[in-house]
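The two complexes that follow have chain A in common; it is paired with chain B in the first and with chain C in the second.
Our next item is the complex of A and B:
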């Protein structure tokens, strides 16, 4: 069994590196709660390169317009065909914003139409239990962005497998802190991140 | 002759006659069967008809199987007996003297009956031999007509010539490929296969789709197919003989575009002047046009989200050149940018692909940002906890959501029990009470006095929120959720207004490199998961494994038998790796050309096996 390496996707447009603290924070959570053999640092992987095939899960985020180049689109399509999973989080948590508009258009063109993921999907029960679906984020509750508390995540599925998981909840802000800060939290808000990783590795 | 002797003699005659008739019947049946087989019908039909004929012959002569019948048969052939023999064997006339008769009668009868049947059989065999000979001659004539050098070849699938005509936009001239095994060309290329002979019974297909085979003059046929986007195989069939031709599409790569200027992302103090834009583009076939695409993004996520508009500038036609430069300028003044706005610029080029395109290539995106005033003199800023207004707003919003949820549950049928409503509302009231106390602390300080210094306008809003929270908590304490909600919303709106009056500063810089000490934190989490064991995911890409299995199987077969299999594997391999497909194609070509395919097959085998993996002995991970 190989070591799990958390990969952040780099794309040509926009600000792909807007949440640099999310990878170490989730790596820390994976080590805290599971026996998954996880690498201590994440990697940045160019979405147009063949390196993507080394990683079962790729995390993508940003605020600015999100567009694939032709090479990125083709590579991501092959990556998804081969069983990879893309987790795209809108750092704006904003369904009317530039990232949402461009990302959903691009992902539809690349992988297929996004639709609401039912809140009883196994993503919400595969490790920690989230009976009400995706946990709310403080940025949603703050009323920033579109001032909505999103009840569902969106996804492109193939059969019963999630290929692309799209979040408008801004987990990139929610989980964007140094992992050592976690000890001050009454409730660890990265638990859902562990679910995403466990799901990606075992779906 | 005595009576006893006469009866014994008639019995011998009867036995002899029975034997003769059976033999005659068998011979006659055989003759009929051979005739039937010669004219039409299979072996089963011929045997059945022959048996029927044999039975008929025996049935026709059934009278001789009785003693009287046998005696009469002798009497008919020897009139001198004057019915003495019949009378002798008749029980009514026993005691009379039995006449003598000649055994030569039997020999003549046997000769006549068996001889005629034997003659019929010989005649039938003769006819049968003639029929077979005639068919053989027809078959030989047909073979001779299709032999090389004659008017019709043995197979109309050879010699085969493919005319390959790439799409017009590529400006590549057409070419002929003789005896093609695999044809590689641009998507949309028209491939015309041409061979000798007429079109009768000739079939061509691509997958399940039949191709139209038409006559090319009086002496040749042809079938045309357009090069598809994915590799496939053309199957030509002629009288049970197949021939495969692999179509290997060469995709038209989209243009490659490099944005030369601006060279890097920038932050501007003021958005004035013109930004020079320069890009280089190249394409494997030819460029059609290019332009710069600009997106102006404005706003912040806290204040209504990031909005923007897109436009293009400096659109230029390239007239099918393979490489070109694109230039222009972006007048910033015309954009009327405000502090915090972001301009995203990229260059776009399109090729002239009119078949599956146009292919669109894009450069990296550069961003130009207009700085906000707060950024001018900031060098290092320590992270601070969230402002009091922020955390209060979040908590108040949670209370509002919970109250709305409680009201929804109360409105359902059947309604939630009153005790539950009271318990839930009181819990919410306690939370509202605690939040109200926090706001009070912000305003007036704690036991030691104090309180935050804040502008009067903010203080007024906090005060409004405080009183609204107080009203809401009292309503919730008596389970009046409907009365509490409006006051909760007033508090929420007041806190939101406070937040909007406060200024925030966001800085981006080099993020720290964090190496997680996974060994130290391993399994120290305080939260408890609730899940059973799960099995690791397997890649869905099974084509490689299937090809590896197939390659292992055909590696054990004779070389002459694996050409078509390798061609089909080549088509499947295009979805995995073009290099693997090329190796399998080389193996197929070598096989068809009578050469050794082993090196190419070994190359394919190595590609399928992948890099050598070393087992590190690590324990497989499992969920707790």
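Our next item is the complex of A and C:
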């Protein structure tokens, strides 16, 4: 059985490593809730390197302006063509912010136009059930950032498969805590992260 | 005869002949002419009578007719519609087509001895072709051509040339899209032709395993090759990704099952029954222990692949758990060096393929231009075992799959022709008979007119 390794993408611009606690937290959740053979630690993979092909799901986040180098753009295009999936989360939870503006522009240039993902998409039901679509984050509910509760995630799809999943909900902040803290939560807020990983592994 | 007298002036005067001499000479000439006229008349009447008789009593003549291939068709028409021959010998510089071969065979049944030989030792290379449908949603066919080792094989269909390769060991195979109007394989002067006359009824594919890259990319590869796939992927003890509606594992619904890992163990009884009833099964290394009663062998110690996964040899870059200790009846289908990578066996009415690559998905992701080969590889594994009942389908294509064999079968082995017998028999053409008759009658008529006899 091939072990699932959680990979965080490193890119030349911006702050790719702004959410270092997200990978171990999601790895913990996957191990906790599923039978998926998951590696205990994640890896960091350079988006311009051929190593990306060893990790068909890559998590990308940041606060700062986001640009691919030409090598990164070319590599990511090939990666998506061959079946890879990018999960990009705006750590600013701000649709007017620098990351959103530059990342959506760059992703459109690289993969195609982002569009709203319907809230009845199988991403929301493939493991845990989220009948109302993407779960809200505390940052949204507290009115930080753009003071909006984003009703949809955005995505670039090929056929019925998601190639790029883009979130303005700041899950990087929502999930950025030590896994041991999870026991103090009434509801584990990383469950949607498990759905993203299960979706990538099965669709 | 007396010498003519010449006068001083005046014309030459012939001396008068003796009445007795002139009478005797004229009588003899008249008798001779009568004989000649009678002979000419008899010849004309005889030839006409002979021609009339031959028209009603055609009989083989002795001797041999030798015809080269270029003039054979015209000779066949003459031998069939005109006068038969005792022996017809054809000299082929290429294997004859079906029409010529069957025409000669039919001629042999009418009393003519038909023999043949080849223009040279290598003039007629033995060639055979076979076309069969592959269990593949795109209707692919597998073409096998047998030809002399080192010979160049030119493959074509009605639309033109398809490929041209050298058969290194006397055999060459092609896997290709459905041909238009049958396939021909030309080797030198031999053209073998065949058509895929059946189609296959294809069901769905059932993939069972734990959620992971191997299962995901196997499903994706098969779907991109045109298969409809139902995946049962185990995510958690009480949370599977399952097909809707629930599956019924039988050959009426599924062409093959792909078992990725130990998750298949939960359905091993159903899978065993499915295979025994004729279904196909592909076993990945992770599922070998769970389906031990169906495997072609054990899963050996894991060997890491090459450091880089090269397009030229992607399988060398994959991690391998070789198939070891093959069970009785199992055969190795592929190897990496001395290690068996793919093995097959029969179980009941079904077929099982066991492969040893644990991370074939890396081929699909990491090997650039050979991603299509990765998909074809997975489709090939499934096609090797898939239950695909044949549906008869008519064809108008004239097949001649082994023309040289058919020629020997229909006309016998080639026979070296005796040089004496090979000399062409001189026949009297009808035109010459007509000319002789006309000349004989004209001669008789002219002679009688000169004699003053009507």
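One rule holds for everything that comes next: the second predicted complex is superposed on the first by the 203 of 203 C-alpha atoms of A that agree within 3 Å, B and C clash if a C-alpha of one lies under 4 Å from a C-alpha of the other, contacts with A are read in each partner's own complex, and residues count from 1 in each chain.
Methods note: contacts are C-beta pairs under 8 Å (C-beta built on N, C-alpha and C of every residue); 3 or more make two chains touch, one makes a residue touch a chain.
Model, not experiment: these values are computed from the prediction.
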Superposition on chain A - do chain B and chain C clash or fit: clash
More chain A residues in contact - chain B or chain C: B
First, second, both or neither for A:45, with chain B first and chain C second: neither
Which superposed partner A:198 touches (first chain B, second chain C, both, neither): both
Chain B versus chain C as contact partner of A:76, first or second or both or neither: neither
Touching partner for A:127 - first (chain B), second (chain C), both, neither: both
Chain B versus chain C as contact partner of A:56, first or second or both or neither: both
Contacts of A:98 with chain B and chain C, given as first, second, both or neither: first
Which superposed partner A:20 touches (first chain B, second chain C, both, neither): first
Chain C collision site on chain B, chosen from 509-517, 527-535, 563-571 or 581-589, when both complexes are overlaid on chain A: 527-535
Residues of chain A at both interfaces, chain B in one complex, chain C in the other: 1, 4, 33-37, 56, 82-83, 126-127, 198, 200-203
Residue numbers on chain A that touch chain B, as the complex places them: 1, 3-4, 12-15, 17, 20-21, 24, 27-29, 31-38, 40-41, 56, 63-65, 67, 69-71, 81-83, 91-94, 96-99, 125-129, 138-139, 141-146, 149, 178-179, 187-188, 191, 194, 198, 200-203
Interface residues, chain B side, partner chain A - complex: 254, 295, 297, 301-302, 305-308, 342, 344, 346, 359-365, 367, 390, 393-394, 397-398, 401, 496, 511-518, 521-527, 529-531, 534-541, 618-624
Partner chain C, residues of chain A touching it in the complex: 1-2, 4, 33-37, 50, 53-54, 56, 78-79, 82-84, 126-127, 198, 200-203
List of chain C residues in touch with chain A within their complex: 210-217, 220, 231, 233-237, 239, 241, 261-262, 286, 358-359, 361-362, 364-366, 368, 371
